[in-house]
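Before I ask anything, here is the structure I am working with.
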Amino acid sequence: MGQDLLLEMKGICKSFPGVKALADVDFSVAPGDVHSLIGENGAGKSTLIKVLTGIYPRYTGEIFLDGEYIAPANATESQAEGVSTIYQELNLAPYLSVAENIFIGHEPRRYGMIDWKSVRRKAAEILADMGVDGVNVAKPLGEYSVAIQQMTAIARALSFDARLLVMDEPTSSLSETEVAILFNVIRRVKARGASVIFISHKMDEVFEICDRATILRDGKLVGAYSMSEMTKLKMVSLMIGRDATSVLHNKKTAYVSKDDSQTLLAARGLQRGRKTRQIDIDIASGQVLGVSGLLGSGRTELAKILFGDNVPDAGRIDYDGRQVHIKTPRDAIRLGMGFCSEDRKAEGIFPNMTVMENMTIGVLDDVSRFGVMSAGAQLKIAEKYIEKLKIKVSSPGQKMRELSGGNQQKVLLARWLCKKPVLMILDEPTRGIDLGAKSEIEEIIAELAGSGVAVLMISSELEELVRSCDRIAVLSDGKKVSELSGRGISEERLVDIIAHGADALEGPRDA
Amino acid sequence: MKKPQSVLLLVALVVAMFTNAGCVPEKSDDAATGKVVEYSSVGDSNEWFVAFARELETEAEKRGYKLRVRHAQAKIEKQIADVEDIVSGQPDYLILGPIDTKGSARALNIAKDADVPVIVVNRDIVGKAGEDFVTKIYSDFEWIGEKMAEEIHGAFPADAKQIRVVELHGTAGGGNTIGMQSGFRKKMAEYPNMKIVASQLGDFRTDVAMTAMENIITSGVEFDAVVCHFDTEAMGAMLALKAAKRKTGSDPSKGEIIIVGNGGTKDGLKAVKAGEYHKIVSVTPYYANQVFDAIEAHASGKKLESYIRVDDIVIDKNNVDEHMDSGF
Amino acid sequence: MPDSDTPAKLLASANMQHATGGMSFVKAHSMPFFFLALIVLNSIFTPSFLSIDTLDNTLRQAFPMMLVALGMTMVISSGGIDISVGAIMAVSAAVTARIFALSVLATTPVSVLLILWMACAICCGLLAAGVCGLLNGMLISKFKIQPIIVTLIVMFVARSVAQMILGELPLSLMGTRFEDLGRLRILGAPIQVLIMIGAVAAMLFIAKKTVFARRVEAIGENRRAARLVGINIFRVTVGVYVLCAVLCAIAGVMEAARGGRVDAGRLGMFIELDAIAAVAIGGTAFSGGRARILGTVFGAVLVQLVTVIVNMNDISYHYSLILKAVVLVTAVWAQKDK
Amino acid sequence: MKADATSIKSHAASWIRSQGPLITLVVLLIFAVMRVPGFRSAVNITNIGKQVSMTGVLAIGMAFVILSGGIDLSVGSIAALAALLAARCSGEFFLAPILIPLAAGVTAGAMNGVLITRVKIPPFTATLAMMLGVRGLVFILAGKTAVVSGVSGQWFSKIAWGKWMGVPYAAMIFAGILGVAIVISRYTGFGRSVYAVGGNEEAANMMGLRVTRCKMKVYMISGACAAIGGMMLASRVTSVRPDIAVGWELTAIAAVVISGISLVGGIGKIGHVLYGVLILGVIPNIINRLTERQTTYANHLITGMLLLAVVLIQSRIAKKHNTH
């Protein structure tokens, strides 16, 4: 290894009781490099990052930063060393203001007291510098979209003037425009001579922004490569340890001829606050309707209105030919709907319950008599769907929290599948899930539609939408700006509409 | 969503105000109907205090006073706040039942600053008669403690080898508990054959006393007598002993456990009559007339004794019938 | 996203692999071990500790707290808390006793009529408790007020209603057949112990087998998710507080019978503290989730054992508080997964 | 990228929503002034000031704990311990009745902190254990009799009884501590980290905040506040019985929750504790002035009903558009 490495981690081992999470991993980053850390879920990327940033102070091995030996004992210390981190979980305080989230722990002081004026001023400066505008830094962070929250996390990391910026899946909840902003920020950081460790599941991004990549698999080092000598296929093969051709070329299959499919749900003039304005939407049985748009464009809000989690201020929903009033999720479920939230952790899983219990929670009335549950009937359901959806579990009795994101998502899908839904609403079904599981979930969706179920799918990934959907509605600022269908669907057009729609709304904003 | 909430809100407010409205004193009336007397009571959690408050109310009505009652729920901080609120209304007299001897002395200062004369009842208090308060009127708990020791000793033959006593005591720190404990021990020192083999909290409660007694019995401690600081505790002890097939009564030679307690409740008197409860040293709540006598004497400018003792008696099988009606 | 190598996940899989190891076995079953240790120590130090009478005493005395703790376990498993339990005991005891004492039957020898009358009175008491539970559940789920505040309010209201029913004064039941109910023994077993066994069995069944309990746990684990899978949060919440209230009512009525007296101002006072301690010792998480009924049973007996030991060794009552604190901390520490 | 679009109207609406406690207090005060005889008198206002200041101080400490996402059930017992020690030490060297109880309170708070952060026992359980344990200690220290503090008129009793220009010292102490608390929560790194820890503990840890240290401090502050409340109590009542200040933890928790600080953690303002404390202080005062024959049960009934009205008004004000 050369002399002038910014970061050098040698022979890092980290064990959790009974599990070796990292086995003798070497990792190094050169100054001014954007270095990607790649591997499937569970490969040890996050563990390695947490060792570096002092979250896991008990490890073996050596870490050198700028040639100096360091042993980070907690996050505070590593920040002081000039290592700044953005974790994949959005770890910010939702009730504190944007400015505070950027500066908490190192606020500018005056006479020993926090100088709120300069906190706000500096926060606004950093955000403006990043190219993020329209944010009132004095407002609570929780009021802003996930994208802004992610941007705030990045601004926080920048506010430390870090030598090394660690980004653990920073783009998982960003739209393409925002990713572009982020990449500009990264380039600026790089130009300043600092290094970036960039973790992402999205191949395109890695190839666009990174100089080098280190690949991990099952807690072991596979190797470090220069991006110029890499191809997508090679990288995926190294990641999953087998030939990846099949995974990448997962082509959409022609499932139904779309013309004879019937409109199941027709919504007209849905309105709720500022997030949903006069939206019309038709969902047909056997079709996948995609909903695209930037984060905060009203996608999730639309889904929640349809599922009865939010009640619209105005508008009419016809379902199966007659008008319905959906006031609670229970109403929607009675109509045969199912819903997977974008926020699995907060709105999906019961972490301490078993896989079986998570699956059957919606069909308890069917597996019970006089309120007494039958263990056998539940087990049958669980085993059926574990096999059908290829869910990787040790047993149906395994705790939900022990599962990887992809498998959790499959369990949540199974939860609805066993209810035999007529309409499935899926909000970001593949977010934060590794490649293999992602293609499997896309397959499940295709199969669902094939069996006559109507699917509404929200996604930030245009590629995925294009692959899976029969029609795509594009939302912008709470309004439906366009709808594509059939042959009209392409990534280029979507990008165009999203960009155009966003531009059109710049003018009369608060009218 | 909105409707049930508004309705409930309305109901809550109406109930709150209605409960008040019935009690809102017509302000002008106060001046017209003679003197206003306020009573700050320890609480209304047991028969005794309720009986005493009722007695005061009857007597006040008889004599044409307007009496208002505040119960402090046995919390010293509440009593002081009560007295603060009371004297800010400038009543003619304050009757104070101190929660404890020192703490409630604060209330005397408050009343003194507002020039409200105080009659102390129920228990002792720290302060000077004629200066901090008009006079004190209550039972002599030390005497009661001594009497209880005497009665236990008297139940056994003079040559009894040993008299082993279980004590179920009242709430720790209370003036009556302290008085009875010290009186009992003082007297007991005169009887070399008498000793306390267990002393547990009865908390003036039947269930607490019963639980303690059950466990004492199971532990195998031998005892001949039980002394209780209130009838409710004695009832608990009796229930526990009965369940353990131990007889209670007045004759130790038949193996009967001697129970002596302080009180005078209806249940207690019935038990004495049934021969299960050896003797009760009374603590009478019926001295409201003495309280109002003192008020009238003070109002007419007479000098009063610093302590007016309320006389208590020993109730046993022989005289229980004549006291039956005065059970509270 | 929780899909990477979180320590929790690794830990959990580690536990699964090593569950048969010696130390983790002790940890997984720390409650019985702890319990055994206490018994062994006491059989050495406490006179006549190892007797059927001690067992009899402990179980009978643990009865009210055990029932309350069983109800509390379900409430806590739903992510709530109920501090109105003592007041609910008082209100149900007051209603039952007042109604029972209305009739001349109260002091007559045992007859079918008497038993019917008693059953009727007890049902009224249970009903009154049910209303309190309903109020708790409704306020919590419909108006989204914090459980601790709602139950605090209901505690105030229920206790004052109980006192109003009795007209301030404690009601004596001495000499009535009701008092005999508290001392009833069937084949030598005290009625409290029999009811307790029944209640524990019923609650075990409910917690393990019924849809209701699964839904309660789901709400406790993740309220948002529970709503989105169509669980009727209102109904389940009301159900869990009513269930708790009914258990409290049984405890209250039996306590009144045991003491032969209903003191509405004091019956069940502070029992919520012991009950919560029992639930905590039993390992049910305060954040909601799995209801550990057997753990609570152990916890309740353990807490009562402290009082028994203190009484039997003639230790001052005050040490029992410290002892309870130590037991609580040790038990919770011993069974937490490290 | 939008939410900044706010008009004056929605500003006003959100202000009203955040001011539920204040509005409730004002409603209650208007009712009291109009319907309750003698409520307005200067003596009565001073009395309320004296009466609420003790639990008020406790509530300030509790507010920090609850903002950090915890709860402290031990404050009543700690206050009793402090009161007892203050009473015991009032004859000792100068300042002893202040320093010793304060030290005890901070130590007890630190024990809470250690149990929670090091032994990793949930706050509810840990502080419940401390509540029992400390109360037991108080009983044991008290012995069989009540402990008595020094003669009245001594400087120590001035804490609760002294006045300056008609304002009781006790109220000034409360106001002073509240002021310090507001400054701490608003202008210090620690104060802000309390919010972050309460909002999302794991996140706070990863952001490099010293979570353990922050929680330790929070419980120590709560212990200190409880001790100060206890000292004021000792000064007020002169003699200390071991069962003193029972149930204060519930009063403090209720005051904090009524002031709009969520038990979830991270939401609310320390300054609003004043409203919660006053609401809880005015209610018994109103009852005391209105009722002829005040039985405990009527007292509890009215308190319960008024509290219910208060929380309903608040949940109603706060509700609008709260979808979750």
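Letters A, B, C and D mark the chains in the order given here, with residues in each chain numbered from 1 onward.
Keep this in mind: contacts are C-beta pairs under 8 Å (C-beta built on N, C-alpha and C of every residue); 3 or more make two chains touch, one makes a residue touch a chain.
Just so it is clear, the structure is predicted and the values come from calculations on it, not from any experiment.
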Pair joined by more contacting C-beta pairs (A-D or C-D): C-D
Per Cα centroids, the chain farthest from subunit D: A
Chain centre separation in whole Å, for subunit D relative to subunit A (CA means): 42
Separation of subunit C from subunit D, taking each centre as the mean of its C-alpha atoms, in whole Å: 29
Geometric centre distance via CA averages, subunit B-subunit A, whole Å: 69
Length of the line joining the C-alpha centres of subunit B and subunit D, rounded to whole Å: 33
Subunit C, residues touching no fewer than two other chains: 143, 168, 224, 265, 317-318
Shared interface positions of subunit D, touching two or more other chains: 139, 242, 295-296, 298-299, 301, 305, 308, 312, 315, 319
Shared-contact residues (touching 2 or more other chains) in subunit B: 1, 5, 8, 44-45, 172
Pairs of chains satisfying the touch condition: A-C, A-D, B-C, B-D, C-D
Subunit D to subunit A touching residues, read off their complex: 1-5, 183, 186-189, 192-193, 195-196, 199-200, 202-210, 266-267, 321, 323
Residues of subunit A defined as touching subunit D within the complex: 53, 55, 74-76, 78-79, 85, 87, 89-96, 100, 104-105, 107, 113-114, 116, 134-136, 139, 143-145, 147-148, 156, 273-274, 296, 304, 309-310, 477, 509-510
Subunit C-facing residues of subunit D, complex: 115, 119-122, 124-126, 128-133, 135-137, 139-140, 242, 250, 253-254, 257-258, 262-263, 295-301, 303-305, 307-308, 311-312, 315, 319, 324
Complex contacts: residues of subunit A adjacent to subunit C: 16-19, 21, 41-42, 44-47, 56, 88-89, 169, 172, 307, 309, 328-330, 333, 339, 341, 344-353, 357, 361-362, 364-365, 368, 371-373, 394, 399, 401-406, 408, 415, 431-434
Contact set on subunit C toward subunit A in their complex: 1-18, 209-212, 214-215, 217-218, 221-222, 224-232, 289-290
